[in-house]
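Here is the structure we will look at.
Chains here go by letter, A, B, C and D, matching the order in which they are written, and residues are numbered from 1 within each.
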Amino acid sequence: MIGRKLTWPLAFVLFGALIVSLFPVFWIVMTAIKPPTDWNASPAIWFPSHPTLVNFKTLFDPDAIRAYGVGGVSQAATTSVYGSLLASIVGTVLSVAIGLFAAIGISRYANGGKATPLIILSGRMFPPAAIAVPFVIIYSNVGLIDTFRGLIAIYVAGTLPFSTWMLKSFVDDLPREIEEAAMIDGRSRLMAHLVVTIPLIRSGLLATTLFIFILNWSEFMFALVLSYSNVTTIPVQLARYVTATAGTLYGVQAALAVLAMLPLILAGLFIQSHLARGMTFGAVKR
Amino acid sequence: MSETNELRMVSQIPDLATDDVPKAGIVRGKLRDNRLGQLLMLPGQIVSLLVLVIPLLVAFYISFTDWTPTRGSLVQATLVGLDNYKELLVYDTRFVEAVVRTLLISVVCLALEFVFGLALAVLFLREFRGKAILFSAFLTPMMILPVVVGYTFWMLFQSNGPINQLLMLVFGEAAGLQWFRSAPLAISAVIITEVWHWTPLFFLILLSGLNAVPENPVRAAVILGATPRQVFWWIVLPMLKPVIIVAFVIRAMEIIKLFDEVFMLTRGGPGTSTETISLYIYKLAFSDFQLAYGAAAAFLVLLGTLLLIHLLLSPIRNQLLEARR
Amino acid sequence: MELDLKPLRIGSIFPAALEVCGLSKAFGKNAALNDIGFTVPEGSLTVLLGSAGAGKTTTLRLIAGLDRPDSGRVVMRGCDVTALEPKDRDIAMIFDNLALYPDKTGFANIASPLSIRGAEKSDIENRVAQISSTLRIAHVLNRLPKTMSGGERQRVALGRALIRKPGLFLLDEPLSSLDAMLRIELRAELKRLQRDLGATFLLATPDFSEALAVADSVIMLRGGRIVQVATAQSLYDDPVDREAARFVGSPEINLLKAVYEPANQGTIRVAGASIAGLTRLQKSLPKGGGPFEIGIRPEQLKLSPLEAAAIQARVFDVEPLGLKSMLTVKNEEAEMRLVIDADSARGHVVGDAVGINVIDGNLLAFDTVSGIRIA
Amino acid sequence: MSVPKLEIINLRKVFGNGSVVAVDGIDFAIEAGETVALLGPSGCGKSTTLNMIVGLEDPTSGDIRIDGRSIVGVPPGKRNVGLVFQDYAVFTHMTVFENLAFGLVIRGRAKGEITRAVHDVAELLGMQKSLKLPAAELGGSELQRVAIGRTLVTKPAILLLDEPLSNLEASARLAMRRELRRLQSEIGLTIIYVTHDQIEALSLADRIAVMNAGKLQQIERTSVICEKPDHVFVAGFMGSPPMNLLRGEIARDGAITGFRREDLFIQLPPSEIVSSGRAGQPIILGVRPESLRLALADESMIFGKVTIVEPRGPEAVVTVEAGAISLKAVVLASGRPQEGSNVGLVADPSSFVFFSGETGRRLAS
């Protein structure tokens, strides 16, 4: 638009902003590769003299963790990584599948009444705190506390508004006449959706799937409230380490954090052109 | 065709059925277009019903009782009417303070995020090499798990952490600040973390909005003699208004739920000086196990959120909720 | 199976390709169609003509089965298909945005009706080859729609419709996305194609010149009702009411207040003049005489020297249209448009006094209140 | 001879490292107060030319001069040209008044002067009543007027309109054409229309510049261009239906000279081309559908089958095919033949137009 070149002072500001944006990421990665001796140095060490991956090994070795003997922490991160993967993947697949059907329903038939879109959207407006309380109550009565089924149900319902609305905006971009042409060529109404609509929005489908995965992977409060022994996710495990050791288990915690952070950054960058659409329920399309 | 006004009606003689004409009379696959629509939306409605609406009804019921887990099943709970709500609004100063504190943090964060996001977005309207890589770099903070952001900044704000090192480097030895000991510093730490974490979202939405501004009105203004600055203030920004509102609404919905970062950063400390409403309800329900009282607090927050969203959302209601194509 | 371009026609004992009776459809409060009934004979090119919102597309969608009518029946070659899915009706449809599959090549688009129905490869290949040579689009078969020109995309859509030789073709403003020049060219080609194949076309368009050019018969729709069914020429010569006369024909017909006085030798007073000798009109006007609204086509007015002219007026506007020009003249009583050839128009400047005479041809008369045609 | 208001000198525009030549060296000049239409099919380079005059795009080579001064490189805002976009590009977040006043407000003019100027233009365009309305609520033709008014307030040296009528309802087009002509005569501004619709060009412009594939085929007064098309492309573009064009050669049969194409031979009256042309010289015969008349077999030029009859109210376009030759004729509706019948067509040879077989240029007759 006002396509003018970048002047020097502006380039300097841009560079400064870049440093501020990336410094924390730099710091946590550095901490993750610091040997235990450098963890608590004062003044803090920026670049570890001899970086090591020992923290990542310690993370998955219960004995090594217990060896630190800090605050009685002994649980390794393996169960939490498994927990995060299971909950996030299953939750994402269900949320996107249900969201896809609802998206086609709202976009093409729109007679699901004005209410449905509102109900689905409002799912996102409730503060987790407001929902966590009744969930604990119901789940404890129904025996879903500390189960993956319970957690996944919340992940699906919590992200349904995003998946429905993001997919709806992709389906809206596709002219309705193409499905109708397929119907006239010999497809039934449902087959027209399966064979024409869905393949034509596959890039949108992938973007939505990754976006929902990011939301589920980074969810913390429900996992915290609903998990005790056999269900843990990475965020919960990280919180447990911090509370148990008052944060002094620097390197190991940073290793877990880096492990959790990387897949999300890659997924996010991969779908960055659709992020605006996802975050705004399809209102802002790049 | 003869020139009569009316079309000549062809007499109804049974036709010589050609091979590919569908057999008369058999009504296969009865046409039901809108039933398919309802079928498609059923799963979404069921999930929303079971996992959102029912729990809220239960919470609503409990908020009028004095039930605690030790009390056994829900049925024994005794109704106490509006006591919980009265207690919260009149006597529980910690609740009211948490609400005010959360709103304060939200307003400051949203303002800062908007200013930095817009500045960055405008910068990105210019042409420069490596723009794509920089764009991805600037988006990174938004992708990081909130708990990881909370923990990372907790390390950064340590008394011997890098931030203090930089401050001492620049402002001399005494500049090292005890971020987690004094209330105002703790709150600023929370705000800095939040702004760092979510400014990229404003940057992303506003940049998308800027690129979606139709080109012709801008060109028309340029041809009429407007300088780039005038074009920006008179044409581009006003046209960006709906997108700006969308960004504020989306962030407002999220920031009111602030929990993960604060939980890792200050756990509400020192004292309750950085306790957000979500953190307070979490403590009520899951530390002190006052579930009924917590449910009531949760409901008040819910109503407050819906009211706030409704106010922010009304100007662009159709854009977000247009169901018809 | 060699594609037989000229289907066997046993006289015209086929029942109508399409019969629609009592068709109604309302979206929410507004009635898009009420009680539509018409017949489309086998092998004809019938046009649904009407301005935007008249109900053309709704009618096509109901016939195709994309929407369900609130009431009424759709009968094709004697079979009631009202309740059938689009795929079970022997129809093909071309949408105004052509609706080609964007991710498929020209070949796959054209072949899709056959491949969906499981025809074997060799049969598909030679039928597509046949169709693409007829439509001269063999060179775009392996390209994606977005790389084709407007005309080529339009022909691929036609190919997809033709490949299955359906009993009825529905075309929803098929030429609307094309350039002005190309549109006129493809009109003739569409009509020729229809006639060579003996196929039955039902074409919807808001453009009366398209309707006149290609239609065997025209069904005129207004506000969801059928106003007139007639051949192209008689729609122009015998409009059923004032609106139909105004809608068909450019420049627009002149509609002037007039009075018929059978008493004094049947003169007609119009635009401040009294004109005798309009024999054809006088014969068909109601005997009682009195006020009516006269419809004079622009080509039924001609310039003549002031002294010999029935009507005197001043030139208000001259619009050159190439070989012909449109003159708008005004006097106290009325404003009239007439078409004259460009050279004689050059002699006139706004404000000139001119004489106008009415040629005794196919003049029209409408009831002043209802607009219904009375003569 | 006064300096022309706008001069285009050997203007070229090439896109994508030379692969696409949008404008291939065009030259023309426009006098002050004249109205010219840039007419051509889509993709012929007319919009690119428009963008270069306005400054939205820079020419690869060649010069553009307004009042004798070159404006290449001058930013669009400083060229004192006005452009009305096809989609109007009105500022929908402002009222009509603010739209019209925009040009002067950004120049920091005094409030009184702005109000006066806006009211003058509003009156000229009959919009006095709707000044306070928000622009978003206006219909097609009102938006058009706002877009024109907004430009006129800045008193541009040249006004350019990009396909002004194509977004309007068919019924509103006639009224808008009349209004644009009234505006031209009242403000006497130099105006350039860009359009692909010949009716628009014929009714609005004094002169028409026909473009095709980046080249200027002909620039000629509206009244003349239909009679005397300079090039085969112009002949095939103007008029609806356009001129029939038969490719053939000059043939001599003893004393008679004529036009031959396969088995068709038409005797030509002696004329400059006929005498100077040598036998076998490739030539294109142009005959307008309007000048062809139905005739009996013996006295007709060609005799063939009527393949298509396209009524258009008072007249009908009849397509007659004899072997490979196909001609379109315009006949009165009442006299139109039946499809499938055989008819003869004849035209007065003096109405023939000849084009060179090689260059396509018209041969002066």
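One rule holds for everything that comes next: a contact is a pair of C-beta atoms (placed from the backbone, for glycine too) under 8 Å apart; a residue touches a chain by one contact, two chains touch by 3 or more.
Only a predicted model underlies this, so the values are computations on that prediction, with no experimental measurement involved.
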Tell me which of A-B and B-D has more C-beta pairs in contact. A-B
Chain separated most widely from chain D, comparing mean CA positions: A
Taking each chain's centre as the mean of its CA atoms, chain A sits from chain B at a distance in Å of 14
Rounded to the nearest whole Å, what is the centre-to-centre distance of chain B and chain D, using the mean of the C-alpha atoms as each centre? 54
Chain A and chain D have mean C-alpha positions lying a whole-number Å distance apart equal to 59
What whole-number Å value describes the gap between the mean CA coordinates of chain C and chain D? 26
What positions in chain B touch 2 or more of the other chains? 29, 33
Where in chain C do residues touch two or more other chains at once? 65, 85, 233
In chain D, what residues contact two or more other chains? none
What part of chain D is in contact with chain B in the complex they form? 54-56, 75-78, 81-83, 85, 87, 89-94, 102-103, 106-107, 147, 150-151, 154
Can you check the complex and tell me which residues of chain A touch chain B? 1-6, 10-11, 13-14, 17-18, 20-25, 27-28, 31, 41-44, 46, 97-99, 101-102, 104-112, 114, 116-138, 140-141, 153-154, 156-157, 160, 164, 172, 176, 188-190, 214, 217-218, 220-221, 225, 234-235, 238-239, 242, 247, 250, 253-254, 257, 260-261, 264-265, 267-269, 272, 275-276, 279-281, 283-286
Going by the contact rule at the top, pick out the chain C residues touching chain A in the complex. 64-66, 85-87, 91-93, 95, 97, 99-103, 112-113, 116-117, 160
In the complex of these two chains, what residues of chain D are touching chain C? 41-42, 170, 174, 177-178, 181, 196-199, 202-203, 222-223, 226, 237-241, 288, 290, 307-308, 310-314, 316-317, 319, 333, 339
Can you check the complex and tell me which residues of chain C touch chain D? 179-182, 184, 187-188, 191-192, 195, 206-207, 209, 212-214, 232-233, 236-237, 248-252, 297, 299, 317, 319-323, 342, 346
